[in-house]
Amino acid sequence: TSPTATEAPTAAPVKTFRIAVIMPSAITDMAFSQSMWNALVAVQTEMGGETALELKYSEGMFKVPDAAAAIRDYASQGFDIVIAHGSQYGSSVQEIAPDFPDVTFAWGTDVNTFGMPNVYAYTAAAEEGGYVNGVLAAMLTKSKTIGVTGPVEVGDAKTYIDGFVQGVESVDATINVSKTWTGSFSDVALMTEAAKTHIAAGADILTGSSQSVVGSIGAAKENGSVLWFGTQQDQASLAPDLVVASQVYDWTGMIKEIIAKHLAGTLGGETYILQLKNGGLKIAFNPGYALPAEVKAAGEKAIEDITAGTIVVNP
Amino acid sequence: MNDVFQLSVIAGILTSAIRLATPYLYAAIGETFSQRSGVVNLGVDGIMLIGAYASFYIVLITGNIWLGLLAAIIAGLLMGLLMSLISVTLKAEQGISGIGLYMFGLGLSSLLFKTTIGTVKTVTGFQSVKIPLLGDIPVVGKIFFDHSLLVYGAFLLIPLAWWVLEKTTWGLQIKSVGQNPAAADSLGVNVDRMRYTSVCIGAILAGIAGASLSISLLNLFQENLTAGQGFIAVALVYFGNWKPQGILWGALLFSTVNAFQLWMQVLGVKIPSDIAIMLPYVLTIAALAVATNRVRQPAALNKPFERGES
Amino acid sequence: MLPVKEGKAVRSSHRLRWASPFFNALLPLAGMLLALLIGAVMLLILKVNPLTAYGEMVAGALGSVSGITQTLVKATPLLLVGLGICIAFRASVINIGGEGQIIVGAIAATWFALTFRTWPGWLLVPSTLLVGFASGALWGFIPGILKARLRVNEILTTVMMNAIALQLMNLLIRSVLMDPAGITSGTYLAQSERLPEQAWLTRLIPQTLLNTGTLIAVGLAVVVYIFLWRTTIGYRIRAVGLNPDAARFSGINVPFNQALSLTLAGGFAGIAGAIEVMGVQHRLLEGITSGYGFSGIVAALFGGLHPIGTIPAAILFGGLLVGGDKMQRAVQVPNSLIDAILGLVVLFVVGSSLWSQRWAARRQMDAIKHQEEQA
Amino acid sequence: MASGASTKEKQQIKRVEMCNIIKYFPGVLANDRVCFDINQGEVHALLGENGAGKSTLMRQLYGLYRPDEGEILINSKPYTFNSPADAIEAGIGMIHQHFMLIPTFTVAENVALGLKSSREPVLDLDKVSARIRKLSQLYGLNVDPSAYLWQLSVGEQQRVEIIKALYRGASLIILDEPTAVLTPQEVNDLFVTLKRMVKDGHTLIFISHKLHEVMEISSRVTVLRDGRIIGTCPTAEITRNELVKMMVGREVHPLSPQPLKSGPVRLEIRNLQVMGDRGTEALRGVDFEIHSGEIVGLAGVSGNGQRELAECLAGVRKTTQGEILLDNEDITSLPLKRRVDIGLAYIPEERMRDGAIRDFSVQENVFLHDHSSTKYTHGIFLDFSRMRAFANELVNKFNVKTPSLDTPIKNLSGGNIQKLIMARELSRQPKVLIAAQPTRGVDIGATEYIHQRLLQQREEGTAILLISEDLDEIRVLSDRIAVLYEGRIMGVVERNEATVEQIGLMMAGISMAETMQRTS
């Protein structure tokens, strides 16, 4: 691997590739930020460790101007790729990218590259996995009541749940999916109580998104027989008996492709969408949960249909 | 809408409310001790976080919930000593010391979590203990007598705190340094020591409040787990007129409305969720606005004491 | 005849009194150093060289045009919130509602600028700022009037109003204020449409975020100083804060002035929100307050509750925040370490004020001892 | 310390010596090599002007301050007090100039504070109450142990203070200006108690600005000036005038007001009814009038409605019924500000609480009322140069001793603060002046000055209502004396007609007609 198009006189023959990522929450959030960080670490291992790929991160950057400062700072330090992992960073990327034509910027989740040659945009079609989870859930529920716990009705929290409801309805439109929003990405206590409320109201299956759903999983676990469907990360480790499946954001493919393109001289201008089709989204069935074969088959059928395009999930 | 008035729903709301109230009760009763002695501690949320982390970590590595509780107590105590050092010995402005303490607790708890645990995990914490006989009463038993020990503890704390403040020499001394430290001092009451003790009791209870989240109600730890509950707890002290029983009503009101709005969402009552979430805050303000007979705050609240200053 | 006593001491009884400017400057620095020292120990535990880390911190905040401008950009909302805190504290009112007031100011400014996007800049900018002020003021007025009329404690109400404002923003940002582009593209981002360019505050240095908002804030600091010490209203507010009884006996309307000061405090936080939207983000986003509502209190108290003193205090605090981020990037420590160190800085800096008072008293005593010995 | 601590268990203080005490405060040498001693069974009076260093000296004996130099010997043994707890342990008690009580506590709680209970950790207030009752009986200190402190009159509060000291078994009790806030009757009662205590073997240090009290109660007297001892001698061997000269450094002459030049009625009050703070009726229909150039003294035991009357006239308290006329204009419903504009001035009783702002400078305090008058403002802006000129003029005219106009007023002595407040109120040439306790706690020199000013104002035609618990002051200054009892005027007498007994009887609630009979 050697640099090609852009002239880099000082570049040594074995140059360490450098990626920096800016994330709104912690790299350990078991959700959005962690999904990206895990992918980067996986790519690093694959490429041969720190000498091949240097990684730097800034986490907890919920303040956009701070994130902008970080993006600019990393870019000026000569990082090859700067990932702005949060849709709120879009305008910062738009502003900074023109100043660093040699640096690749990737940002998401969104689809807009602003027409710039060194900006990639990426997003996840969370509704697809939501649909699959919905199908599975609909087939597993006995009480015909499913609870959804979410933070605020925006972004992929919303698209995931919209997809999930579609999936449920495709199986049985009489199932009652009730939703609660806590108004906060971090209020775990309220999220837990929301989950307990669903359970008390008869829900035997729960799902939801954001870093605070760990509380909902805890509630399911405490109850002992309520099932959980995850998203963003594989959440099986939090409740090995009760997590049926998780939609996993797998950014590794995308990252590898962006690296390759960067090395080949294409610094941006494209949009990546994680989908079931391109392997960016995966449904991780939890091996610890004994999923009835016909349910699993229905789930796999849904995956196939979405991949083939015979089912279209509306975001 | 009719669903809301079903017995099971009402029972559900009350059960939730009792759980939700637990951390507020610990923290607000603790803050009451602190404020009764004349020290406003705005750092409650930070102490709760440290307590939550410490107890969670200890339970995670030892599996012993009692050691976990002890860790929360020790962590709270250390934070209390820090707060007292700054605001009592060094007589710093209390509001700002508290904000500093909050930032410190928030930062340190996350840092420790990152370096020692790394990712969200769960533990087996305090389990529900059904009280014999009482717990078997239909509906009522489920609402009141089937909770974890830390939940019972929070409610037992109310009469205990009342007793300490109203019936013991020690409570008398705490109140005296909050009302007129010069007078207390002139009778040989050690003002600084009383304030240290009260702030530390407050901090220990805040630590337990954190533990009630991380090893009883949620059984997990995450960065900023409390999400600002400590500030609400401070507000509840004002709501409760610095009295344990007042705080009980405040905490129950706040958490009942919160439970109520969750149930409304679950039952699909058509109200935007954001409006529903605002409800507890709005109603708490409204309740205080219409309540009569407001008590004056401890006269020396927020005033550092130095001998010879009248 | 009553003896005249020269040079009576500054007493420490007033909790917010700070001693001479010299010690004012020196001791907080010592407090800060102590905090950084403890931070250094933590860094060592994390196997990071503290010198490198702190070097990056200083360089990040002050070492470049971009660092300095970032510091100033951060100092701006801190200063504005701090100015409001100065007014409120002078009236003995505690305003913990900065967060909510910033949010409301930001929401209103966004709504206004988007609604009247066709107005020319010379009209749109000042009126948007004014709308930000007015809405923040409204958010301060509610606790103010509750305190004045019904004696409801303002700590309770301002804390609760923060939560309400946050939910209000959540509600609006994904309904009427949501960026239509996010809806059409299906991303449903929690942010508003970008403000029209004529509503932007002019950037002072190209390629940086520094904008005229900073100048506005500094200008307002002077205005607040004049307001508090040179006008009748300011005189009344200070009188009410220092002794409500005497103020009442002088015909001053105590509740009115308390409500007024909370309203003004809210207004300044509201402007801070408007400036964040108009000068920095150019749109309404989640997390717009960045905790400025709390750190503004710290800035004001570091500044001795003096509007002019709050200017350097805000810059210092802004610099710490910016430098902290830079340090995080450079040595890759968790962000939370920075929070912890900042908390210690706050604790030790307030803690140090006692010594400055003691020293001032000591010097006066020594002076008089000296006099007596000579006599 | 056991709750049962009594005089017997503690050491008997036979002799206390304070030797070469030096105490600095920032900017002040408060005690300059003071030597002071006291023997068992004596009442030692401590005299001196405001700021002479009396309280400071005593606070060192009570462990509140530590002397910078010098020694304290009790029964010839050196003692170091680090806190009041140590002094209490050594058998010393102190009644502070500003009471050290907790208003939200009951009497029993105030007394029990800081003591071990017999049922630790539980309070045993019944036992405490029982002992309070016993002490009350023994020394004639009548109080209800279960009453809250805020419910008590000043006199009762003081009794609580004394009980606190006795309860702790103090054998030496320091009384710092105990009579400043008492009525003559209460002073008499107090003296009865004090004498009983001395007979019981207690030793007393007594501070007062009122010489006749000192002459009456003390056996020895020490005078302090500017932190130094001027002299000590047995009370019997010194005259009043000599004492004044020692304190002030010059003679002070008694006042001789000119006869009344009666003018038209300026202030008229009809059937005034007012509620007190605790929701009780404070005034139950008060009528009187004051003429131009007249001083009406309002006598009465504190708590009989004086404060409420003053506040109601000033416009800071609501009237439930009745009318107030100023120059025949009805001002009953006017707010304070308007009344001030019309020509009403008020010197409040609690000068540091209601009359001045401690942390404001002298100059700022001058303009508490007038800061928005067009004379000193341009629009909303204050005109500092004019304010300064005027403040300067006032300070000079009224002889206020202050380092500068920018000094915080809290650093002035009590007398000077009072002079400044007077100056502020009189500078407006008021038509009506309400002066509540204008010389309470003020030393002789300043009292003389304030009295002169009041008389001068009377000459200028102001109608003055003088509210005072100092009967001497009332009798010297007033043209007519009204006596208030339980919210009603018991009677109004001309200066020359009034005898002390008569007034005293009326203060006790006996109507004028009846008093006439009794005294004639």
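First chain written, first letter: the chains are A, B, C and D, and each begins at residue 1.
One rule holds for everything that comes next: contacts are C-beta pairs under 8 Å (C-beta built on N, C-alpha and C of every residue); 3 or more make two chains touch, one makes a residue touch a chain.
Since the model is a prediction, treat every value here as computed from it, not as a measurement.
Undergrad: Taking a step as a move to a touching chain, how many steps at least join chain C to chain D?
TA: The least step count works out to 1.
Undergrad: Take the average of all CA coordinates in chain A, do the same for chain B, and state the distance between these two points in whole angstrom.
TA: 35
Undergrad: Once you find the CA centre of chain B and the CA centre of chain D, what distance in Å lies between them?
TA: The separation of the two C-alpha centroids amounts to 45 Å.
Undergrad: Which whole number of Å gives the spacing of the CA centres of chain A and chain D?
TA: Those two chain centres are 75 Å apart.
Undergrad: Give the residues of chain A that touch two or more other chains, as numbers and ranges in rising order.
TA: Residue numbers touching two or more other chains: 26, 153, 183-184.
Undergrad: Residue numbers in chain D touching 2 or more other chains?
TA: Within chain D, no residue touches at least two other chains.
Undergrad: So which bits of chain B are touching at least two other chains?
TA: 110, 114, 223, 228, 274, 277
Undergrad: By the touch definition up top, name every chain pair that qualifies.
TA: A-B, A-C, B-C, B-D, C-D
Undergrad: Taking the touch rule as given, give the residues of chain D at its contact with chain C in the complex, in rising order.
TA: Touch residues, chain D against chain C: 24-29, 32, 49-51, 226, 248-250, 314-316, 335-337, 340, 346, 348, 350, 353-360, 364, 367-369, 371-372, 377, 380-382, 384, 401-403, 407-408, 410-411, 413, 415-416, 443, 445-446.
Undergrad: Applying the document's contact rule, which stretches of chain B touch chain A when the two form their complex?
TA: 8-9, 12, 15-16, 19-20, 23, 110, 113-114, 118-122, 213, 217-220, 222-229, 258-259, 262-263, 265-268, 273-274, 277
Undergrad: Which stretch or stretches of chain C touch chain A in the complex?
TA: Of all residues in chain C, those touching chain A are 66, 70, 73-74, 166-167, 170, 173-174, 181, 185-191, 194, 207, 209, 280-283, 285-287, 290, 321-322, 325-326, 328-329, 332, 334-336.
Undergrad: Within their complex, state which residues of chain A touch chain C.
TA: 20, 24, 26, 56-66, 68-70, 72-74, 87-88, 90-91, 99, 109-112, 123, 152-155, 158-159, 183-184, 315
Undergrad: Going by the contact rule at the top, pick out the chain B residues touching chain C in the complex.
TA: Answer in residue numbers: 42, 46, 82, 85-86, 90-93, 95-97, 99-111, 114-115, 223, 228, 231-232, 234-236, 238-239, 272, 274-275, 277-278, 281-282, 284-285, 288-289, 294, 297, 302-304, 306, 309.
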